[in-house]
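Okay, so chain A shows up in both of these, paired with chain B first and chain C after.
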Partner chain A sequence: MLITVKLFATFRNGRFKVAGQALPPGTDCRTIVLSLGLTEEEIGVVMVNGRHAALDYVLQESDTLSLFPLVGGG
Partner chain B sequence: MDKILRVNMSDLSTKIEAVPTAWAGLGGRGLTSTIVAAEVPATCHALGANNKLVFAPGLLSGTAAANSGRLSAGAKSPLTGTIKESNAGGTAAQMLAKLGVKALIIEGLPTEDKWYSLHVSKDGVTVQEETELIGKRNFAVVEAVEARLGKKTGLLTIGPVGELKMTAANISVKDPDSKLRSHGRGGLGAVMGSKKIKFISIDDQGAQGVKVADPEKFKVAARTFAKALLDHPVSGEGLPTYGTNVLVNILNEAGGLPTQNFKVGQFAGADKISGETMNETITARGGKVRHGCHAGCIIQCSQVYNDKDGKYVTSGFEYETIWGLGADCCIDNLDDIALADSIMDDIGIDSIETAVMFGVAMEAGILPWGDSKEMLRILNEEIGNGTPLGRIMGGGAGSLGKAYGVTRIPVVKNQGIPAYDPRSVKGIGITYATSTMGADHTAGYTIATNILNVGGYVNPLNKDGQVELSRNLQIATAAVDSTGMCIFIAFPALDIPECLPALIDMINARFGIDLTGDDVTNLGKHILKVEHQFNIEAGFTNIDDRLPEFFSTETVAPHNAIWDFSGAEIDEFWNF
Partner chain C sequence: MTKLLTFPVKQLTGGLLAWTDQCAAVERFGLNHAAVEGLALEKGLLPARYQRNQHMISVAEQLQLFRSRIAVIGCGGLGGYIIEELARLGVGNIVAIDPDIFEEHNLNRQLLATPHNLGQAKVEAALKRVNEINPSVTVIPVRDFFCTANGRELLSGVTVVVDALDSISSRLELAEICTQMQIPMVHGAIGGWYGHVATQLPGDTTVQSIYRNWVEGKGIEKELGNPAFTPAVVASLQVAEICKIVLGRGELLRHRKLSIDLLEMEIQEISYDGPAKVICFPSCENKPERAAK
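Let's turn to the complex of A and B:
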């Protein structure tokens, strides 16, 4: 299946902003996080298609996964 | 001894008063709101003789506590007709605290058609006639006052927008680099203008300083507190690196970034105006990514933004300003938004109200969507010079929308709704609806928990738990706003267990008292109730605690979210 991965803030350093990835069915968010060399502790917010998701969420065809470190403002 | 300084502009007299016992334990918002509620008739005209403008440093301002240099300003708001508290950084709070000034109260209206300035020093406060700087913009005022009184002089000033009593006028506060921070919301600059005070200068030479009752205990608590601020990823890394503008991308992803006057929740040009892009641009142009609005700020969310030639344009360049002039107006040119930010500082107008107003102006057809050059011209020539159109625009989003027959006007209690769509981030909608200040994101910043996973998580697209979340945050914020602390200490306070007790320990050590966590919560509740009661006496009812109709009739993409709270559900907020 094809999905889109978007990275934000410090996660972009040495990586990318947006990338398409071809993955076997059944891949969850955690697998992608680890494949990017990120740790679970570094993850602030995980969104799939603009909705908050857990790391064990299993991705579906053409999902967009967005990963953020813990950030804030206001 | 701490004191109250009182200025009566009707007879130009000044007084130094003892601090009443009931006010001794109050500071910041707790004190300004208490004084306004006690001394200002709720039904008075906000620009008339019976309104009072009150300034107060926080309980910890002037001490070595990190991030404690915020100044509170209070009055009845000419924009909303409610009570108003607006707080800002800059150098004034710490100077006033060191001078032992618990509060500065300005009342009455001058009888003669003359302008004045006030000067605060160790000897009290004096009133002088001012002629030279009338009509001048803020940066010129800073330069002239520094030339007259010295570089270290503290300064509160209004620009032409405040002089002309436009209801989006702000009060600017000089920061450590002689740039400006703002008491932005609610039109307090118009109240200062109504009293014909162009500026207030502060000289803290020979100040008594702030006495700490238990210095050893204070030192230990201050260290724990500062460590919590530096250890939390938001206050220790995210804010210093990207500023508040890091929010553009995350709100855009969540579908909560109001775009084209709240038509949709995502903006195609988001990345061009995002915190990540801003960080790269600042670095490439030799600006500063980190910058504090007051001495002792260790979060440093501000920045110095330069133009292509490396020349200074602006600082204190905030997410809400960039969202409003950017996504909400469909402008993706960050350089033009930075120029607009600088003009707004200079003419003295609230950058949130004005940004929301421009979205409404584009909907009204006054200028095309995305036309940043015309926006800059309007700021400079129409609003800055006080033309008839400029004055309608300077009255904020509600004023302009009404004049042009616009039905989609994003305001609550006539104050522009900032930066977060209440349909797709429902907790903040409860804050907008119920805040005693009108639509104000800082009053109960549910974005932390709805979007950012700070202080837990409450699903932003669902009604469950939002009223309780907003209530708890509004209570906590009212208390924090009384300490002189920057609101961003809330991020570590929500997640790091030692942070809040350390803050309370600092207050206890400063005054030699023994407050508990419950006392602080009760203080927050008390402040909200005092403010709410003022609004009730001013004629506001639960029907005013509602969002504009279009949020309940138009869904917002991409989640097709709608505002679906009943009136009774919103009114539960006040059940405490």
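Let's turn to the complex of A and C:
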């Protein structure tokens, strides 16, 4: 299946803003996070098609996955 | 009392109560500025300092702001700008909570920090600043950590809570107490070029959802720090939300979060699931008349 991965803020450094990925059916968000060299602790928001999603969400054909880093300063 | 109420009316210029006349009323009747401003607004008189508000905020709404009590949790990067804007907006009561003193590394961004007040409590600086810019605003300084143990007492009688904390665990504690106490909460967080804002009303658990993947530690702010402009942007968005909650106007950032990237100048909106039950807030009763447009 084909999905789109969008990265935001510091996750773009040394990676990309947007990329298409061909993945086997059943791939979840966590697998993609780890394949990008990111850790679960760094993740702030996981968004699929504009809506908040869990890391164990299983992606569907033509989904758009967006990943934002954790932000907590004041 | 009758004298007091008629006094300012005689002084009106263009329907506005000038600052010098407010001061004269304070002196003549032995009241404080807050009492005079409250009486003026109740009589439908607008203190002249708010004259550039009057076509977007009516006198009745200005009174609504004056009667509100906003708790600002954290008086650092976000909190400094939030307190400044709330005081200029004319929010009547600000509970400023922060355990810290100013240190040199605060000077790059924290509005209340100056070389002269290094070593002094942030909440004392907040009190002094608000007294300088709008003496009609009452500040209740609380030099303490906000936590579950003191939270209920500190937030008693509060209209809206603003999250200007710098720790995710404290934010989650705050969100939990706001949920229990049914108090609206405006959440903001920053790190480097980036920040986000969201509003949660009683019954919502948006802040808990925002940090659902969090296990421990800080976010990107640990590496990036914070510059001068990011807290100003996010704090201003938070104050706009507070103003709308108090007045019951506009569209809130409810069930959604704005994620702001000032490096690429991009704003993203992330949707969060709606609550199990819909709670109308503020209630439709006693809504003051709105300003034209």
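Note that the second predicted complex is superposed on the first by the 70 of 74 C-alpha atoms of A that agree within 3 Å, B and C clash if a C-alpha of one lies under 4 Å from a C-alpha of the other, contacts with A are read in each partner's own complex, and residues count from 1 in each chain.
To be clear about the criterion, contacts are C-beta pairs under 8 Å (C-beta built on N, C-alpha and C of every residue); 3 or more make two chains touch, one makes a residue touch a chain.
Since we're looking at a predicted model, the values are computed, not measured.
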Between chain B (first) and chain C (second), which, if any, makes contact with A:E40: first, second, both or neither? second
Is A:Y57 touching the first partner chain B, the second partner chain C, both, or neither of them? neither
On the A-aligned overlay, A:T10 touches which partner chain: chain B = first, chain C = second, or both, or neither? both
Just to be sure I read the superposition right, which of the two partners does A:P69 touch: chain B = first, chain C = second, or both, or neither? both
Looking at chain A, which of its residues have contacts with both chain B and chain C? 8-10, 44-45, 47, 50-52, 66, 68-74
Taking the complex as given, what residues does chain A use to touch chain B? 6, 8-10, 12, 17, 44-45, 47, 50-52, 66, 68-74
For the complex, give me every residue of chain B touching chain A. 232-235, 237-239, 241-247, 249-250, 253-255, 271, 275-276, 301, 318-319, 441-442, 445, 447-448, 451-454, 457, 459-461, 487-488, 491, 558-559
In the complex with chain A, residue positions of chain C that touch it: 74, 76-79, 163-168, 171, 188-196, 209-221, 223-224, 226, 231, 257, 259, 261, 263, 266, 268-273
Chain A residues within the chain C interface of the complex: 8-10, 40-41, 43-47, 50-52, 54-55, 66, 68-74
